[in-house]
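Working notes for the structure below.
Just so it is clear, A, B, C, D, E and F label the chains in written order, and each chain counts residues from 1 on its own.
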Amino acid sequence: MRFVDEFRDAEQARALAARIAARCEPGRTYKFMEVCGGHTHTIYQHGLEDYLPEQVELVHGPGCPVCVIPMGRVDDAIAIARRPEVILTSFGDMMRVPGGDGSFLDAKAAGADIRMVYSPLDALKIARQHPDRQVVFMAIGFETTAPSTAVTVLRAKAEGLTNFSVFCNHVTILPAIKAILDSPDQRLDGFLGPGHVSTVIGCEPYRFIAEQYGKPLVVAGFEPLDILHSIDMLLAQLAEGRCEIENQYSRVVPWDGNPTALKVLGDVLELRPFFEWRGLGFISHSALRLTEAYADFDAERRFDVPGVRVADPQSCQCGEVLKGVLKPWECKVFGTACTPETPIGTCMVSPEGACAAYYNFGRFRRQRLLQVTAR
Amino acid sequence: MSGEVTIDGPVTEAGAKAVAGVSEQAVMERVARARRARARIREERLTMAHGAGGKATQSLVEAVFLEAFHNPQLAALDDAAALTVAGTRLAFTTDSYVVSPLFFPGGDIGELAVNGTVNDLAVAGARPLFLSAGFILEEGFGVADLTRIVTSMAAAAKAADVRIVAGDTKVVQRGQADGCYITTAGVGLRERAHDLGVDRARPGDVVLVSGPVGDHGMTVLIARGDLDLQVDLRSDTAPLHGATAALLDACGAGVRAMRDATRGGVATVLNEIARAAEVGIVVDEEAVPVRPGVRGAAELLGIDPLYVACEGRFVAVVAPDAADAALAALRRHPLGEQAAVIGRVDDDPAHLVLLRTRFGGTRIMDLLVGDPLPRIC
Amino acid sequence: MCLGIPGEVVEIMADRPDLAQVDVSGVRRAINIGLFEPGEINEGDWVLIHVGFALSKIDEAEATAAMDFLKSLGDAYADELTALRSSTID
Amino acid sequence: MSGEVTIDGPVTEAGAKAVAGVSEQAVMERVARARRARARIREERLTMAHGAGGKATQSLVEAVFLEAFHNPQLAALDDAAALTVAGTRLAFTTDSYVVSPLFFPGGDIGELAVNGTVNDLAVAGARPLFLSAGFILEEGFGVADLTRIVTSMAAAAKAADVRIVAGDTKVVQRGQADGCYITTAGVGLRERAHDLGVDRARPGDVVLVSGPVGDHGMTVLIARGDLDLQVDLRSDTAPLHGATAALLDACGAGVRAMRDATRGGVATVLNEIARAAEVGIVVDEEAVPVRPGVRGAAELLGIDPLYVACEGRFVAVVAPDAADAALAALRRHPLGEQAAVIGRVDDDPAHLVLLRTRFGGTRIMDLLVGDPLPRIC
Amino acid sequence: MRFVDEFRDAEQARALAARIAARCEPGRTYKFMEVCGGHTHTIYQHGLEDYLPEQVELVHGPGCPVCVIPMGRVDDAIAIARRPEVILTSFGDMMRVPGGDGSFLDAKAAGADIRMVYSPLDALKIARQHPDRQVVFMAIGFETTAPSTAVTVLRAKAEGLTNFSVFCNHVTILPAIKAILDSPDQRLDGFLGPGHVSTVIGCEPYRFIAEQYGKPLVVAGFEPLDILHSIDMLLAQLAEGRCEIENQYSRVVPWDGNPTALKVLGDVLELRPFFEWRGLGFISHSALRLTEAYADFDAERRFDVPGVRVADPQSCQCGEVLKGVLKPWECKVFGTACTPETPIGTCMVSPEGACAAYYNFGRFRRQRLLQVTAR
Amino acid sequence: MCLGIPGEVVEIMADRPDLAQVDVSGVRRAINIGLFEPGEINEGDWVLIHVGFALSKIDEAEATAAMDFLKSLGDAYADELTALRSSTID
């Protein structure tokens, strides 16, 4: 596959690994946060850490759209889905995310009409096919996904559809990064910036990270060589005493993002004053909702949404994991009470979630594995 | 799109301290024990995940079915039960078919229902002889469609050299089935003296797959039409009795186990072997044959082809010294032209399948949790 | 986050200029190109696809540059390894 | 409620004249030939009638399934196919169970799925040995209900001395099944040398039934609750292998045929015998045991108990000189205490079952058309 | 069963048969019409003709509610049932009755929501359970059944149900009998009167049959002895030169009927000016519809009923059979093209239908049967 | 036409005086007695049931009279037969 396989080459990985190892100062450790769950997934899926020296530690950030949804929002969505007239549509990713009283999959098993879609436009298609039903799209995702929702709403309006609405859970990445930088217990040496968010917002908005917080950030692609390359770039900045925003993923990310997408997004969606993030609590101006002009398509206005607030389970330490304070295995319930089959926290659900990636793809007994596979 | 940022999160130090002093290694050993623990079923209601072939299916089978029906033949969870009746060594198996859509490129539910059961007998080392077929049909189902399915079953039975000798038909109310469900059972003769079984894999053994993986599952997923994908793929549904016989002829007792890689794909079969034989399996991702169309669709949908069902491919575990003969025998057979050695059995880490990635890294390849759902993250 | 996959635009739909057929390893799908101005996306372009939308147009020059850089590293490393090996054998 | 009456009907003389001169006898012989003609299926879509066990089911089986799968074992349409594998005489059968409700007085779908298949082996003269079970489960189905069903299957298997050695589980989307469907297949050993078959009935033979008829079907119909009837009835579901063995022990080759009177009831079984053996059967309505509750409900609903399903009763045809021994043997068995001779085989009218009514009249007792629906006329 | 088994006694049947045989004048034949399909059913179900001498011929009348429904009304009902919001409820008897384009069973298989009920009150229950659907009850039957429909409508009104209506096909027996009596080709010696209709309308309304048409009528019960007894009573009248209305079924039928039922019926239903009968064509004042006061519950007013008129198939001779002009076997398609599985006419559908009873229970080779069963 | 079946009234429902429980050979069902005036149908009465309604109250005296008449015919016939048989035997 073009633009994919080229960036999965083992030989070049070995070269990059050697370069990375060479850059590490003896006795110093480097802690980088991959903001994005997509990076986490790549790291584990390809076994990328096998190429990293012990000195380089990657910690998982808050950039998994599924992981940051608070339980109460899941319950709210289920409450909407339980209405007999409603078809709730959702990406497959959401199906197993636990709310306070089960997941979409459980609600579906109990009779709610919940359907998976691949694109928000598929939800629109379902709305056209079922004029007698109310079709609600459970919108999740960062700035990457929000423009697609916005286009879909524009289309619904243009077609005059009265049975389509959006339950909007779009979040924005910058306030989450700022929250982490403001967290007192965090010591990071730099960031792997979210590649696909950046296709929309570009690279400029990260400047405050370098300038106000003094941390370098490299916007990174999602193939394993992209990540190794980005780590190499971060190490280079540190070695050279630079602190900049760089773009490793320039084949996909224009420095200024996608102006058309930003315009559509600004037309249809606006910042909420506050939004709750799983584990992180309420963060101001961190999420999106439909503007007044599109209020007719806002499920929160169309339906009586209970606005459930569910305290995270006592045992859940997703917040710490999302902030990079704890490694997944340091959570008390990791891998025993909390597994991908019976997730307690959302980080265990999405294959992008730090805990799920760690559990499914494993990093444990890493030396042993290397030994075994090298035979 | 920007503004004042405030935080109102939980205190984090307490959590961080709770595990202070515990090593990653100690935690992961506890986790490994939990992984191997007997499956439980916690849900009150079945979800689609219980039918997807992964962990939930395994829990359901172990916690409900094995628990109630405990007997050695069933507990083996082999593709077919090995029976001896009046001195005759038989194999006996069943599968229910609920595929949607009923007709798809390369096959239909009828062909699948014959081949699937033929294959469960074949990979058990038996010669498939007789099938039964139970039909559950939805009121309103088209007689022409039914005839097409039944005709296709007859052709598949002929191709597999089996007879459909017993049958049953039920019609359920409209809305209580999805057109047509078929359950076939099969009886075969275990002509060879040596027994096969997924618990017979031994460290050093070699793992082969008989051809490209995931064609069937991906074809059906796309044929449903919800994803609006077009691709030139066909189901791999085929009767494997010829290929398995060729392998057994070539390697005799060198063949430890065979299993057709259906629901849950090759990854699931490998996990079943690792669990049953208490061995580790190391797979070379690069060696696994995957067609470009399957790969492309899998990338688009965020699905791993190793978990996608085949209906005409099997995994074989053979003794180290039989590996070359096995590969050669398979490649000589029309259904094994693209057969490949994809990994080997190791003594450690027991119960686990490791994947050496194309990129040169290593990771666990566990049983699937839930359905392989298209995802966007 | 946000699975994105490169695909080649093989056709802009005549009747629906906001839709394009893309090809990913022989798999085709109609995707929405409404996040670009009319005319910005053309046949032969490669785009990054996310939830059925073209999110970004892939810059082939940048891609080539990145690949060349990586390849140069790889080649250098291979030379080094060869050198190392020969030195060991010697 | 009265008024001027006018008529605007078709002219009638033409019609009346059209058949003038043709005798009733000639017409009825033509009709009898048409009755015996090979079944055709004319509908484009399946209706509930195709699953009800009567003429529509027969048409479906003959026109679609036998047509495609033609082989002697299936064509016999016996309860179980008679197979010989490596010299071992086997019986092999399958049935799908879709009963609603899943739990009913006296049993549940699980018990039914075991007993039904055990019985098909038993009436084929075989010793039931091994069962397979394929489950099609609806998303959302309760795990507790499933466990109850499976536990009940295990108990039934134990009672019938068979093992469930192979299984499969599928989960379908909510709304694509009615909770739980089960398809069992069974393998039995035909230990006795002599063969049974519904085509072996001969004029002069005696027809027995092993107990009161219609309990199961009426219990289930009422348990559905739509009819708002309360009655103290229980399903008769039971494994018949003991009773059939007792009969075979007592009469040996004097037993021509046995068939469990399931879907379509005793009347259907008798018609199947009459067709297969090309004989007539005369039944004495008064002799057929029917419980008062079954009779009462049947009268209320306008249903004939002879068409109502049993799940623990069978019809046996025995040679004239074996009749007394047969009745005695059955009555000694707990499941045959109310066994009765209900009729005899005659050479004429071939293919037909005649009922000598309680009132002393005579009528044909044909295969049912459609479901036995409650009726008001 | 009390009041049932006593009237199925074979010994008493033999006595009555002897008496009947003794009453028949040598060389004379007697042709009686059993008006009612229930009688037809009894006659065949019990093999009653085995007790009758050849001189006594029973011919089947129009009194089978299912048999007289014209195909167009079936099509109309199916058109209503096909509306997505409608649940059509119907007695089991109607399920296989062919319209111009298939039966209810076929329409159900093709997706229409058609459910069987045992009582019109069950339809009401379904309406209560499905407030979001329109529940239509396909009402069929003579005066026996019409009062139950009327009570059901009264109850629906009392409960204020707005989603229940009746597609009314109730017919009245007297105009049909009169039509037959007016038919030029009919020579009858008397009638077995409809026992259960008479529980409602009583015996008086039949008086015109005796007085204007000179035919005796005995209201007959439905057990086989009731029928033999009634035949005996008819033969007695003929022998004695009487021509009266008599009531054999006095244990169930009061001479004056059921005044409460008649009142309810008169309140809720009224005569239609015309109604089409299968095979008999349009007969004036022969059917019922809801009165203006209950118009809200009239499916014909609530829905746009197409009012389909379908000509009976060329080969169909149900009209002649219903009038007793042809015996079932005299119809050209009887038992070959027209069978209970593939009925062309309605007389082949209901077990009360003359053709179905004749086919299912058989009378053919009657002597041969007697021979066989007497062995 | 119109299947009617005799059943015994075993209970008038206290809360719904238009409903009664009837028993038919041990089978029970609630039926509607709204085609009779209140008080007309009582426990112990036999009624003719049609489509879930009591259509008619069975007149036991009339029934007995009919049965007696039929029985007398039967007896007379039996006597006659006996006489006939003895005469034949003689």
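Criterion: a residue touches a chain if its C-beta (ideal position, glycine included) is under 8 Å from a C-beta of that chain, and two chains touch if they have at least 3 such contacts.
Fair warning: this is a prediction, and the values are worked out from it, not measured in the lab.
Student: Select the chain at the greatest separation from chain F, using centres from the mean of Cα atoms.
Tutor: C
Student: Can you check which chain pair, D-F or A-C, has more C-beta pairs in contact?
Tutor: Contact tally favours A-C.
Student: From the C-alpha centre of chain A to that of chain D, how far is it in Å?
Tutor: Taking the mean C-alpha position of each chain, the two centres sit 60 Å apart.
Student: Determine the centre-to-centre distance between chain E and chain F, using the mean Cα coordinates as centres, and give it in whole Å.
Tutor: Here chain E and chain F have centroids separated by 22 Å.
Student: Round to the nearest whole Å and give the separation of the Cα centres of chain C and chain F.
Tutor: Chain centres of chain C and chain F, defined by C-alpha means, are spaced 88 Å apart.
Student: Quick check on chain C: which residues sit in contact with 2+ other chains?
Tutor: 1-3, 5, 24-25, 50-51
Student: Residue numbers in chain E touching 2 or more other chains?
Tutor: As it turns out, chain E has residues touching two or more other chains at 1, 4, 9, 14, 37-38, 64-65, 91, 108-110, 118, 122, 141, 145, 352.
Student: Where in chain B do residues touch two or more of the other chains?
Tutor: If we look for residues of chain B contacting two or more partner chains, we find 43, 45-49, 139-140, 227-228, 295-296, 299, 302, 375-377.
Student: Dump the list of chain pairs that touch, please.
Tutor: Here the touching pairs of chains are A-B, A-C, A-D, B-C, B-D, B-E, D-E, D-F, E-F.
Student: Can you name the residues of chain D that touch chain A in the complex?
Tutor: Chain D reaches chain A through residues 139-140, 174.
Student: Could you list, by residue number, the parts of chain A that touch chain D in their complex?
Tutor: Residue list for chain A touching chain D: 108-111.
Student: Spell out the residues on chain A that touch chain C in their complex, using ranges where they run on.
Tutor: Residues 1-4, 6-7, 9, 11-12, 14-16, 18-19, 36-38, 63-65, 91, 118-122, 141-142, 144-145, 147-148, 151, 194-197, 199-200, 222, 225, 229, 248, 250-254, 258, 260-261, 264, 352.
Student: Please name which positions on chain C make contact with chain A in the complex.
Tutor: For chain C paired with chain A, touching residues are 1-6, 8, 24-25, 32, 34-37, 40, 46, 48, 50-53, 55-56, 58-60, 62-63, 65-67, 70-71, 73-74, 76-78.
Student: Mind pulling up the chain B residues that touch chain D in the complex?
Tutor: Those in contact with chain D are residues 41, 43-52, 57, 60-61, 64-65, 68-69, 71, 73-74, 80-81, 83, 85-88, 90, 92-98, 129-130, 132-144, 146-147, 150-151, 153-154, 157, 163-173, 175-178, 181, 183, 185, 187, 189.
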